[in-house]
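Below you'll find the structure I mean.
Here the chain labels run A, B and C in written order, and each chain numbers its own residues starting at 1.
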């Protein structure tokens, strides 16, 4: 892909290919897997995603690019929700209870977070709410690399879809709520462990659909 | 939708809505139907289609608006056809992810089983895995005679054939595993919960939680 | 007394505590915590049976911290151990933290209520279903997978057992705390009186009167000019639980 076009042409071409794949796949797909499929670097994928995101900001676009952690998906523009809803004839989502919303907000702002961390913030056992959120697909869980007896919970694409936002950074007060001054030390310690965490992405073509 | 914006804003808005609808639908939709759904004239639909067609001419677009007779459809750009084809083909050759295999085992041992029962046993949402298994022809679904809004899933005939058994009852330890009380307990528990769950549904801030 | 607050409406102790404080339009401070402590404990003792077993332990933990704060308010000279001081500070921080997330959850609720959600596209929409089994799929693989799944389901009995154990150990800890407070209160008053500072003795005496009024301690004077013996009310645990 180097011999012919300029860099910007390359970027546009990669963006086009990514959009085709996202459209076909429907479900979220990792940057890593896209990079492997297209035989380009993850940075190129990131750059192309920026192009797509920008293009779908146009008023006439009916789509948005949703990005979460290291994955992305193409989805309908939130502004068209009621129309699409009537067209796909899907049942309206049931509302969430107070406790479930609290648990969801802890996960949305502090992900990845363990149940004991959620319990500590809420001062109460959160397992009912967690189960409800998992069953509804609003959150995801993975085994905690620091303690395999524990799960860590994170937002799912479905949660962003239902909230109608393209990334967690669009959550209200994201910057202030996502940082916990007290736990800053703990968080940076666990961050160091993250590289081991990439186990799910080791096979770029893996059909792993745990999300 | 006439009172507020200018004509060009209206056209962009209609284009956006059409794109959203086409995105969620795999089949061509007639101009007539789109006009009816959007409550605009067919000419407006034609104009909006022009906007979409034009936008998808951009190098970075991976989509194309196909217009045939009086219907239209959103599809991947022809320039990316071979990429998309090999992507789909490869995906079908992949091993099943852990989640998908788990869902398959639940369907094998508890067939016919609804999605909510599968979800209850696994404790997480299974929709991606189900879609994948259906696409790969490993399972089949039928409308639940007890609740027409729900499907019931069973192993496909070809999968049983592949496994070398004539029916699920020939699975190892089928009698004991299929009636295991741990799974049965979760399924019945999730059913008991249902009525309470919907009552809090209308108001997401209702005090009682949806357990 | 804002008696319209019912504990059954609250899933957790922080939620209840915050509601009590906000009901009096107070900020989260040690003073405000002391002010609502009685109410909290009264709710807990009245509605204990209605609290979800899984959450009872959390209510008890907070109760023990409120007992500490309250006794310090009534008897300022009471010394806390480092551990107790830490526990109280932790409660204040956690209340502030919980309040932030309660606000955040209202923000999320507003986003949900907007109803402007996004719809994804189904995987391989329009593509035909083709039989494409994975390699190595056998009945044994399925059997093992299903067995593993069943094995991962936690038994209900065990969870309940563990919770009951936790609650019991907490109740023991609270009893121990009350014992320890009783001893420390007695010690403090005797030492104060011995120190001979008249002003301090008077203040302490007023504190004792307050404690008596709150039925938190009992004062006992053997004869008209004899030693005043104070101790944390024996009935205390009955009042709480």
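Everything below uses one rule, namely that a contact is a pair of C-beta atoms (placed from the backbone, for glycine too) under 8 Å apart; a residue touches a chain by one contact, two chains touch by 3 or more.
Fair warning: this is a prediction, and the values are worked out from it, not measured in the lab.
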Shared interface partners, meaning chains that touch subunit A and subunit C: B
Far-end chain from subunit B, centres as C-alpha averages: C
Central chain of the complex, centres being mean CA coordinates: A
Separation of subunit A from subunit C, taking each centre as the mean of its C-alpha atoms, in whole Å: 34
Averaged-CA centre spacing for the pair subunit C and subunit B, given as whole angstrom: 44
Approximate Å spacing (C-alpha centroids) for the pair subunit A, subunit B: 18
Residues of subunit A touching at least two other chains: 23-25, 27, 74, 76-77, 79, 84, 88, 95-96, 98-99, 101, 158
Residue list for subunit C, restricted to those that touch at least two other chains: 11, 106, 109, 112, 119, 121-125
Subunit B contact footprint on subunit A (complex, rising order): 9, 11-13, 15-25, 27, 37-38, 48, 51-52, 55, 58-63, 74, 76-77, 79-80, 83-84, 86-88, 91, 94-101, 128-129, 131-132, 134-137, 140-141, 158, 205-211
Of all residues in subunit C, those that touch subunit A in their complex: 11-15, 52, 54-55, 58, 62, 93-94, 97-98, 100-102, 104-112, 114-125
List of subunit C residues in touch with subunit B within their complex: 9, 11, 106, 109, 112-113, 119, 121-127, 129-143, 145-147, 149-150, 153, 155-156
Residues on subunit B engaged by subunit C in the complex (per definition of touch): 20, 23-27, 88, 91-96, 101-102, 104-106, 108-109, 121-122, 128, 131-132, 134-138, 156, 158-159, 162-165, 170-173, 177, 180, 182-183, 185-186, 204-205, 207, 209
Partner subunit C, residues of subunit A touching it in the complex: 23-27, 64, 66, 73-79, 81-82, 84-85, 88, 90, 93, 95-96, 98-99, 101-102, 104-106, 108-109, 119-125, 127, 157-158, 160-165, 171-173, 177, 180, 182
